[in-house]
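Okay, structure first, notes after.
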Amino acid sequence: LRTGDPEVVYAAGKTTEQVAAIVKHLTSANPNRPILVTRADEAARAAVRAACPDGHLLEDATGRCVALGPLPEIPRGRVAVVCAGTSDLPVAAEATFTARVFGAAVEQITDVGVAGIHRILAARPALDRADAVVVVAGMDGALPSVVGGLTGVPIVAVPTSVGYGAAFGGLAALLTMLNSCAPGIAVVNIDNGFGAGLYGARIARQSGSGTDSGTLGTVTELPR
Amino acid sequence: LRTGDPEVVYAAGKTTEQVAAIVKHLTSANPNRPILVTRADEAARAAVRAACPDGHLLEDATGRCVALGPLPEIPRGRVAVVCAGTSDLPVAAEATFTARVFGAAVEQITDVGVAGIHRILAARPALDRADAVVVVAGMDGALPSVVGGLTGVPIVAVPTSVGYGAAFGGLAALLTMLNSCAPGIAVVNIDNGFGAGLYGARIARQSGSGTDSGTLGTVTELPR
Amino acid sequence: LRTGDPEVVYAAGKTTEQVAAIVKHLTSANPNRPILVTRADEAARAAVRAACPDGHLLEDATGRCVALGPLPEIPRGRVAVVCAGTSDLPVAAEATFTARVFGAAVEQITDVGVAGIHRILAARPALDRADAVVVVAGMDGALPSVVGGLTGVPIVAVPTSVGYGAAFGGLAALLTMLNSCAPGIAVVNIDNGFGAGLYGARIARQSGSGTDSGTLGTVTELPR
Amino acid sequence: LRTGDPEVVYAAGKTTEQVAAIVKHLTSANPNRPILVTRADEAARAAVRAACPDGHLLEDATGRCVALGPLPEIPRGRVAVVCAGTSDLPVAAEATFTARVFGAAVEQITDVGVAGIHRILAARPALDRADAVVVVAGMDGALPSVVGGLTGVPIVAVPTSVGYGAAFGGLAALLTMLNSCAPGIAVVNIDNGFGAGLYGARIARQSGSGTDSGTLGTVTELPR
Amino acid sequence: LRTGDPEVVYAAGKTTEQVAAIVKHLTSANPNRPILVTRADEAARAAVRAACPDGHLLEDATGRCVALGPLPEIPRGRVAVVCAGTSDLPVAAEATFTARVFGAAVEQITDVGVAGIHRILAARPALDRADAVVVVAGMDGALPSVVGGLTGVPIVAVPTSVGYGAAFGGLAALLTMLNSCAPGIAVVNIDNGFGAGLYGARIARQSGSGTDSGTLGTVTELPR
Amino acid sequence: LRTGDPEVVYAAGKTTEQVAAIVKHLTSANPNRPILVTRADEAARAAVRAACPDGHLLEDATGRCVALGPLPEIPRGRVAVVCAGTSDLPVAAEATFTARVFGAAVEQITDVGVAGIHRILAARPALDRADAVVVVAGMDGALPSVVGGLTGVPIVAVPTSVGYGAAFGGLAALLTMLNSCAPGIAVVNIDNGFGAGLYGARIARQSGSGTDSGTLGTVTELPR
Amino acid sequence: LRTGDPEVVYAAGKTTEQVAAIVKHLTSANPNRPILVTRADEAARAAVRAACPDGHLLEDATGRCVALGPLPEIPRGRVAVVCAGTSDLPVAAEATFTARVFGAAVEQITDVGVAGIHRILAARPALDRADAVVVVAGMDGALPSVVGGLTGVPIVAVPTSVGYGAAFGGLAALLTMLNSCAPGIAVVNIDNGFGAGLYGARIARQSGSGTDSGTLGTVTELPR
Amino acid sequence: LRTGDPEVVYAAGKTTEQVAAIVKHLTSANPNRPILVTRADEAARAAVRAACPDGHLLEDATGRCVALGPLPEIPRGRVAVVCAGTSDLPVAAEATFTARVFGAAVEQITDVGVAGIHRILAARPALDRADAVVVVAGMDGALPSVVGGLTGVPIVAVPTSVGYGAAFGGLAALLTMLNSCAPGIAVVNIDNGFGAGLYGARIARQSGSGTDSGTLGTVTELPR
């Protein structure tokens, strides 16, 4: 990762103690580098909070993420994160949180689904002012194809494991997105909100727009 | 099949001679029953034409179909057949042809794609006056989900083998359709325009609407 | 969904509190619209019951469903729901319940299996008087093919995840149904009793038959 | 193979010359042992015929088989071979031919399909007098499940690669058969008529029935 | 099933109470028909024992089976059940138990593996005196191919879900067995010891050998 | 597509005549819009050349592409296209051509493979001056993971169908790329050089760098 | 296994009592043969410790292995075990432990990943002095391809089930390794550290180098 | 590759002209390095022969390989290549040829199959004197498991695409080999005789045995 990018810890499959130890180690080894912890359950996030009693802390329960250290204060570019609703929210929130921590302003649009086309059409202004659009969708994974018909901005599609039966744990949505009829869509792994958020932020930070879209420093809990 | 339904011959994997022989046999065995031949290439269709020099004949090159005998003259109900474009046309035409031969009036809408949402919206009146909607789509197979958000009429979704790579011969589109976010969608086999047309006609014939939608008897070549 | 169709809540993956809150919100926002809650375990159903102390309530434990509000009182058309036995009953019951709540009279036939052909033959009168037939089957998923040889009514096939080993969680039954030798079969997702019931009811409501098949309003527990 | 069993040559993937050479070598090495050549196209069969100008020869064009040498003359037991129709005939004929060459009397029943249940019911006497039943089916592969409900004799199920789309080259039929609701069914590889015929003959030869079911020696072309 | 065959109850997915109720119902409805309960854990077997205080009872903990009622006393034919060792024992025991309850004498050979070829060679006499051989194998599923080279008796191969990683829950073993280089092998579903035992017994009962191989009536626990 | 983006024609599965007709139609309907034809074999490209006798034409035989009309003259941003060698060149060339036609300056690096790590290290300056990096790889698909460790620029990974056996037509490479250990990678469909080139150009055109990287208008054949 | 090779017990799926009983039996049956127990959790390892109160014992908690009896004292050849980090450590440790117990000196290199190419380059001397290299990798499974470009020593690649989504339980890594661009790589089953360690030791013991690389007898806990 | 290893050209997917050009280029660039061309059909091999009129040339039609330049003259170690017969010969011959060209003495054993266990047992002396054993098998892929029970030498297993139906192009054999019950087996890609031969030679060259096993220089056509 480039200088200034946060150090990232993937907490899944690690004990609470291991997560806390890694965070303490990273903090003391390099106090000037921000740290992002993903896939952290309540216990892991509490341990990170305890390990960092008075530093700046950004946390999101839905996205199961926590960040600490000198996070970016002036956003570089803007990312829109789009999903259909409740079930996809954890992955969308992970993308949102990661994009913010990697320096982008983020606009989250969470009630647009393929089967309710007018709500997507209403979201068009937000799509238009973004430098990158993250679209999160499970089940049929059709949402990126529709968004792809509405904007010329690079779209990062994230299939989720939401669904049952022939959803095959996100495989159906993944294949849909890889075969999208609309151009301008690239895909990350199933449920990989982190990867999509980082990717969106990397596109946004080298784009000109969005630099007046607010600050990130004072947020402690993202709206859901 | 119920009394009056055509006898159906699936010409794929049969020689031209076999197709002609079957058609001749069926014609003489039961002159009052219509015959539908599907997956018939130009040679097979010519053989059927030759086998039936002066009877009523309905043929469609795009859909690779030919029908003969006393076809239904007064449509019972109405089927809309929807697809995105060129590549899916053969399957859509097979569905259209089959639905007509099984007695439905058919309205074909062939230039609507997920990535051009306004064209689907413009097709809404046609969707509204149908008793059943057949939606044909390859690649991402996303079109039925969008149509499903626009109508409460039963939708028959047909995945096609159009696409490459991770389309896996229509598997991607099939899974998309089985996992559609929109309710009111049932799915037939990949490329099975015949099955979808028959299914749409069966729904339509027991529905009240559409009986004034013209006659079928004079058509010899479907518009493309 | 068309005007008058119930609002549907999918309770799987939601907490009891979330389900209760959504139901309360929908009830007060639109008291004249019925609500259907599917995949609701005993706790979720109890919460819905508590949230609706004196309204009309329809509930089915086998199908894990509950409905409330001004449900349809005069059935529009008739759906037959067919399955082989014990293991497929939850999915069949979900289809039955959904079809009723969407306005159809439903006739459930639950002891017919492919390996006992005479029981299916005995069910023929029920198949004949239906406007749509839902067939639920796991393991080999062969039942729809046999039913398809007995009726010209549209069949909605539901594969279930019943079975083990090479059943692959319903994949075997799904493929069987998509490849049925009998025409007139369309397929919904594995275990998707809800989708099949809704689809059957949509076909039935636009068909002429079955309007004298009893009322739905007084039922509180479906017979099993 | 046990003493007396024919030597078997699988001609697929071998040149006509290779097949002829192998047959000549086997004939001169062991003139008292019969030889069965499977998957032999017209050219390969002609080469075998030429290699064996005056010996006893049994050939079947549909099953792409030829046999020569001292074939069994008194059948040991009886095998029924069942399939639905035209497309599955080559595999069924391969099973029939193999079973005969391995010593069984064979009864072929070729026009029974799942979607026409009365024709299967009419075949019951033939099923009852067999020692083993081979059932050949493509597409949904549902036929063995139905036959399994009608007989207590061991059933050998052969999935075929007939079908398209989600038939996946016979995979759908294979899975159906492995998951059959009816007990008493075991399965061989897709299109493996040879394996099923041999297996049926092995069961039949150790069973008591069927020894008066005619002779095999004078047949030169199996009826189709 | 033919007259005299036991009624079979598949206990997986049923509550202890349901299993006991079904067994009581079957016993009183038809006291002269034996009952086999498979996939029955200790609690279910205890409930069956309690439901049948003084009748004849046959039980096997490894195979998770229990049978009751007038079981066959004179074996008809002989089945050999072969497996490599500890992990495959439950499936092998289910096959053994089922074959006995369906009337065959059974010889179980449980320590032969592909990687220790001499132990299989030593088992040859047992293979030779059987009318059918059931071979149970997980992981590579190679054992039936080796046994198939040693005997001309029909082999029923049972893949098991033993293994990890690329064993894919028994899929690897299943494919191996379907593609066996040795002829004379047919396959049942993954872990389906019941189906293999029943199939072996059906072959054995119509074969001449093995009728002097002891009685079955006094066994209460199969040796492991 | 945004105003100014070329119209795109996918020539695969279309006849030479169809391609020529579409190109002529587009040219006369909108002479000011560029046209890109992909997957065009030599005959199709010749037909396009003939249809456009004196206009500006850009063609690449390796990438099977041809473009015509008022192509962008001043590049907006810079895309690096990276691949390992001979077999992946057609897909890489398609990406290169598309990126150019959509307005980016392109730098192609074609002899870097995972197994020769020093050549990738030598390519680092080119990676550093790009706004987006397209990485094309077949077989193991490992190249994007290595490139991802060397740059913080957004990477578009394209799996190719190069390889045999367990490459499964590009599936292996696709899965590798979706699971990359390196962050900052998004993936397009197997062999989809067009999608990757377009995506890279969309990222590049909104980035500040690269605007002095030469002109595109005079190129008629891309260097290989 | 050859004389002198340890007896191996696979503890997964066995009870603690079964593991202890097997170890006791093996110890008394053949006191001069070492025993290796793999996939042994803390309880199983404690039971082995108790079963062997005063013998030589080698144990590794990370690799879930324990060995006892007269282990090799003079290493024959040298194996390098390479992995990227935390998540793959259990499988790497199993390989290390097995290779030691089968007689090889082992050098473990655990912090090299594809995305940090300089750390692999730094490990080159260790690769150069090995007779066999085991490379353990999950997710993209790309590490063996990179190592394969750095050494001409035989590489044993072990895919792990680390990852989520399209990692499909190690399938992605497995396919990557089977399709490696670098020659000199052979692959074992997913998570099969045991098989890789044994394979590496077998190569090493017949190679000339590494015989002065220390002793193994005094180690009781491997460094992590 | 290490100094002295041949340069390798993979001719599949290259034109005859391209192959000849590459060989000429490599010969003149580095006359002291041997060249191996694999997957070369008769035309490609003729072109190589013409490109090298008077040099040392080694060619094998079955293995579709040709080598030229200063090939190794004194074998270092010994590789045994084992397969069952005709269909697997091309892959086995590719392995044999590659192992020779990479410096090993090779002993080819080509008529051993799983179903004829005595022939494998007879091959044991050849297995015992080898430093590495390559086992090539299609269909069930069971042969390596059996060989693995007979030798402690490292085994390289090569699945082939021989077979039909559920062989799935070699997938069945691949999975069998990855799950082998016998230890000491590692696997290369389907049909990758080249990779197996190279791997075997790399093991052999660092082992002590086999250095007196003849010369390689005078061979021009390998025995089949």
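We just call them A, B, C, D, E, F, G and H in the order they show up, numbering each chain from 1.
The definition used in the following text is that a contact is a pair of C-beta atoms (placed from the backbone, for glycine too) under 8 Å apart; a residue touches a chain by one contact, two chains touch by 3 or more.
Owing to the predicted nature of the structure, the values given are computational and were not obtained by experimental measurement.
Asker: Quick one: point me to the chain whose Cα centre is farthest from that of subunit B.
Answerer: So the chain farthest away from subunit B turns out to be G.
Asker: Using the average of all C-alpha atoms in each chain as its centre, how far is it in Å between subunit A and subunit E?
Answerer: So the centre of subunit A lies 53 Å away from the centre of subunit E.
Asker: Please tell me the distance, in whole Å, between the geometric centres of subunit A and subunit B computed from their C-alpha atoms.
Answerer: For subunit A versus subunit B, the centre distance works out to 43 Å.
Asker: How big is the gap, in whole Å, between where the Cα atoms of subunit D centre and where those of subunit G centre?
Answerer: For subunit D versus subunit G, the centre distance works out to 49 Å.
Asker: Where in subunit H do residues touch two or more other chains at once?
Answerer: In subunit H, 165-167, 171, 174, 178-179, 189-190 touch at least two other chains.
Asker: Go ahead and list every pair of chains that touch.
Answerer: Chain pairs that touch: A-B, A-C, A-F, A-G, B-C, B-D, B-F, C-D, C-E, D-E, D-H, E-G, E-H, F-G, F-H, G-H.
Asker: What part of subunit E is in contact with subunit D in the complex they form?
Answerer: 1-2, 5, 8, 131, 152-154, 156, 174, 178-179, 183-190, 194-196, 198-199, 202-203, 206-209
Asker: Could you list, by residue number, the parts of subunit D that touch subunit B in their complex?
Answerer: 86-87, 162, 164-167
Asker: For a test of understanding, state which residues of subunit B touch subunit D in their complex under the given definition.
Answerer: Going by the criterion above, the answer is residues 12-14, 159, 161, 169-171, 174, 189-192.
Asker: Which bits of subunit B are touching subunit A when the two form their complex?
Answerer: My answer: residues 84, 113-117, 120-121, 139-142, 145-146, 148-150, 163, 165-168, 171-173, 175-182.
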